[in-house]
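Shared chain: subunit A. Partners: subunit B in the first complex, subunit C in the second.
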Partner chain A sequence: MENVIELQNVNKAFKGFELKDLSISVKKGFVTGFIGGNGVGKSTTIKLILNLLQPDSGDVSVFGLNYKKHEKEIKQRIGFVFDHNVFYEHITLSDMKKIIKPAYKNWDDGIFHQYVNLFELPLKKSIKTFSKGMMMKASLAFALSHRAELIIMDEPTSGLDPIFRRELLDILHDIMQDGEKTIFFSTHITTDLDRIADYITFIHNGQHIFTKEHYKIEEDYAIVKGETNLLDRDTEQEFIGIRKSNHGFEALTTNKQRTANLFGDMVILEKPTLEDIMLYTKKGNDNYVKSYS
Partner chain B sequence: MQIIISNTSKEPIYEQIYVQIKKHILTNELQAGEALPSMRQLAKDLDISVITTKRAYEELEKNGFIFSIVGKGSFVSEQNNEMILERKRKVIEEQLLSAIQNSKEIGVELEELLELLTMLYKEDT
Partner chain C sequence: MLNLIRKDIVLQKNSLLILLPALFIFLFLERSVIWVGVIFCFAIIMQSFALDEKPSANLLMNSLPYTRKEIVSSKYIGACVFTFLVLLTIVIGNLIIHREITQWDQLLFIASVIVVFISFAFPFSYLFKSQYLMMACGVLFVLYVVLVNTFIPDLGDRLRAGVQTILSFDNSLLYAGGILAAVLLYMFSWMLSIRIYSRKVF
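== the complex of A and B ==
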C-alpha cells in the first residue's frame, strides 16, 4: 500500500523537549488518527509534515516527494485545518476566498460554493462573528476546494459540541468515499476515532509507540484485573502501568494472548479504550517504551 | 440488508459484520451474484472505519462467501452446499479432537466423555 506521508528517523530537539528517531508512515486512502497526551510532540510532528519546521536530522516526504525540491507541488496537494482561526477576522468569507483562491492551481469555485451551501456558511458576514464550528467548516471548505488529496487536521474536534462533531465525522466519511484521499488528524477525543479512524498512530514523549490498524488494538491489548497476590517481580514485567489498591490490581498488557495463557482464569481481561492505553502508557512511562521495542 | 452493530459486545466489530453478512448469504436473503455495498459506503452507513469493513469483506472472501472484481465491487458467490457442509464437518472434527486431547490430559475416559457429549447435545435444543 502506498504511503502518503513518510517520516524516517526524524529528530528534532527544542529546549527541554525532543522528538527521538521518529518514523511514521500514513497510508493512502485511509484515515489515520494521531494520539498522545499534551506536549508529547503531536503538533511538532504535524508542523514537520507541513514543513513549518525542519528536522535536525532524518527525512520527511509527502506524496513520495521531499520539500527541498518540491515544496510548491506538495503544498498544492495538501489541505490543512487548524483548531484556531487562521483567517483574517475583519473580512468576509467571500473576501477571504479571493485571497486564497489565486494560491492554488486546482481551485474550483463550484466545489467551494457547494460546501459553503452544505455547511450553511454566510459569505457576507465578517469572519469574526463565526462560531468555532463555523470556523472549522470554513477551514474544511477551503481545504476541499483546491482538491487536496491529503487533509491534515490538528485537533479538529476539540471544543466542538457533540452534534457538530458527529456532523464533521459524516463529512469526513463522505470525503473518503472515492478512496483517493487521505486524512491525518490529531485528537484528544478518542471516541471520535472509533467512528472513523482506520489506523491509529500513538506517540509518547517524542517517541513513536505504535501505528496499528484500529481493530488490531483490541486484539493485542487488554486491561487486566486480578488479585494483588498474583503480582511479583516477574509477573509485573508482563504489564505496563500497574495500578494497585487494597482490593486488587489493574494493568495494561500489550500481549493479550500471552497474558491469557499465563494467568488463565485468575484474571479478567477487558477491551481497552484508546484512553486506557494512553493513561497506562503515561503511568508505565519509560518501562513501556522498553518493553514494546 | 440489515446489519446491527453492538459497541458493547465482546466480539470485534468486523466479526459482527462477518457473521451477519454470512447469515444473510446462508439464508439466501442475499443471493448469488448480488452486489454488496462498497466497503466505504458500508463504513459510512454503519459509522465505523473503512479498515473494519475491509477486514470483514476479506474474511468473507477468504471463506468463499463473496468475491471481488477490481473497480466493480464485491458480490455474493455461488454457494456450494456440499462445500459448506464439508467445511463444517471439518470444523467439528477439529473441535472434537481438541476435546479428546483435553480429556486425555486429565484422564477423562471415552465413556465419560460420551456421556457428557450426549448430555450437552440434548440440553442445547
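== the complex of A and C ==
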C-alpha cells in the first residue's frame, strides 16, 4: 500500500523536549488519527510534515517527494487546518479568498462557494467577528477548495461544540468517498476517531508507540482486571501500565491472547478505549504509579 | 511571488486609502517633500511588515505553496512597490496642488534613504521583531549623542558639511555611484534576510 507521508528516523530537539528517532507512515486513501497527550510532540510532528520545521536528522517525505526539491509541488497538494485561526483577522472572508486563491493552481471557486453556503459563512464580515466554529469552517473551506489530496489537521475538533464536531466528521467522511484523498489529523478527543479513523498513530514523549488499524487495536489490546495477588515480578512484565487498588488491579496488555492463556478465568478482559491506552501508556512510562481508590 | 505582493496590497488597501490622501494634504501644507515622503514610505512598509510578523501569519504563509525565499523576497520587492506608490502620489500631488514637476533628485533621495533604512530594518526585524526597531533606534541615538559629545564635538557640523558637499556636486557619476552602493546594500540585506528567515522556527 502506498504511503503518502513518511517520516524516517526523524530527530528534533528543543529545549526540554525532543522527538526521538520518530518513524511514521501514513497510508494513502485512509483516515489516520494521530493521538497522544498534550505536549508529547503531535504539533511538532505536524509542523515537520508541513515543513514549518526542519528535522535535526532523518527524512520527511510527502507523496514520495522531499521538501528540499519539491516544496511548492508538495504544498500545492496539501490542505491544512490548524487548531487556531491563522487568517488575517481584520479582513473579510472574501478578501482572504483573494489572498489564498492565487496560491493554488487547482483552486475551484465553485467548491469554495459550495462550502461557504453549506457552512453559512458570511463573506463580507471581518474574520475577527467569527466564532471558533466559524473559523474552523472557514479553514476547512479553504483546505478543501483546491482539491488537496492530503488533508492535515491539527486538533480540528478542539473547542467545537458536539453538534458541529459531528458535522465536521460527516464532512470528512464524505470527502473520503472517492478513495483518492488522505486525511491525517491529531486530536485528543479520542471518541472522534471511533467514527472515522481507519488507522491510529500513537506517540508518547516524542516517541512513536504504534500505528495500527483501528479495529486491530481491540484485537490486540485489552484491559485486564483481577485480584492483586495475581501480580508478581514476572506477571507484571506482561502489562504496559498497572493500576492497583484495594479491590484488585487493572492493567493494559498489548497481547490479549497471551494474557488470556496465562491467567485463564482468573481475570476479566475488557475492550480498551483509546483513552485507556493513552492513560496506561503514560502510567507505564511513569513507572507504575500506584493509586488507591 | 506576485501573489504575495498583491496580498500585501490587499491587506494594506484600507491604510493606503487613508494614507495616500493624507499625503496629499501634507503636500498642501508642507513643502518639505523629502521628509514627508520618507516618513510615509517607512510607515506603510513597516506596517505591512508588522502584519506578517505574527506567528499565525507565518504559519499561514509557510503552509501555503510558497518558499521562505519567496516570502522574504516579496517583502523586499513590495517595499519598492510601496515606495513607488508614495513617490507617484507625491509627483501627482505636486502637479495638482503646486502645478510644478517634482525635482527628480528629490525623489531619488527619498528612494535612497528608504533603501538604506530598509536594508537595516528588515534583517533586524527578521532577527528580532519590528517592535524592537524603535528601541534600537533610540539606543543608537543615545550612543550617537554620547559619542558626539565625548569624542567629536563637531560631528554634526562635519556631517552637515559633508552632505552639503555631496548635494552640491552636480556629478552624474557620483549619483550613479551612490545609487549603485544603495542597490548593493539592498541586495546584501535581501540575502541576509533570506538566511535569517529560513532558519526561523514557528
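Note that the second predicted complex is superposed on the first by the 285 of 293 C-alpha atoms of A that agree within 3 Å, B and C clash if a C-alpha of one lies under 4 Å from a C-alpha of the other, contacts with A are read in each partner's own complex, and residues count from 1 in each chain.
We take it that a contact is a pair of C-beta atoms (placed from the backbone, for glycine too) under 8 Å apart; a residue touches a chain by one contact, two chains touch by 3 or more.
Remember, predicted model here, so these are calculated numbers, not experimental data.
Participant: Have a look at where A:Lys244 lands relative to subunit B and subunit C in the superposition and call it first, second, both or neither.
Facilitator: So A:Lys244 meets neither subunit B nor subunit C here.
Participant: Is A:Arg258 touching anything from subunit B or subunit C once the two structures are fitted on A? First, second, both or neither.
Facilitator: Touch status of A:Arg258: no partner.
Participant: Tell me which partner A:Glu219 touches in the superposition: subunit B (first), subunit C (second), both or neither.
Facilitator: first
Participant: A:Asp174 in the overlay: touching subunit B, subunit C, both, or neither? Say first, second, both or neither.
Facilitator: Touch status of A:Asp174: first partner only.
Participant: Given the touch rule stated above, what does A:Lys271 touch, subunit B (first), subunit C (second), both, or neither?
Facilitator: first
Participant: Report for A:Lys72: first if it touches subunit B alone, second if subunit C alone, otherwise both or neither.
Facilitator: Touch partner of A:Lys72: subunit C, not subunit B.
Participant: Touching A:Lys128 in the superposition: subunit B (first), subunit C (second), both, neither?
Facilitator: Touch partners of A:Lys128: none, neither subunit B nor subunit C.
Participant: Does any part of subunit A touch subunit B in one structure and subunit C in the other, and if so which residues?
Facilitator: After superposing on chain A, no subunit A residue contacts both subunit B and subunit C.
Participant: If we count contacts the way the header does, which residues on subunit B are in touch with subunit A in the complex?
Facilitator: On the subunit B side, the touching residues are 7, 10, 12-14, 40-41, 43-44, 47-52, 55.
Participant: Within the complex, which stretch of subunit A touches subunit C?
Facilitator: Interface residues on subunit A, with respect to subunit C: 47, 50-53, 71-73, 75-76, 78, 80, 82, 84-88, 91, 95, 98-100, 102-104.
Participant: Spell out the part of subunit C that touches subunit A in their complex, as residue ranges.
Facilitator: It is residues 3, 6-7, 10-11, 13, 51, 56-57, 59-60, 62-67, 201-202 of subunit C that touch subunit A.
Participant: Can you list the residues on subunit A that touch subunit B in the complex?
Facilitator: Touch list, subunit A to subunit B: 29-31, 169-170, 173-174, 176-177, 179, 194-199, 213-215, 218-219, 271.
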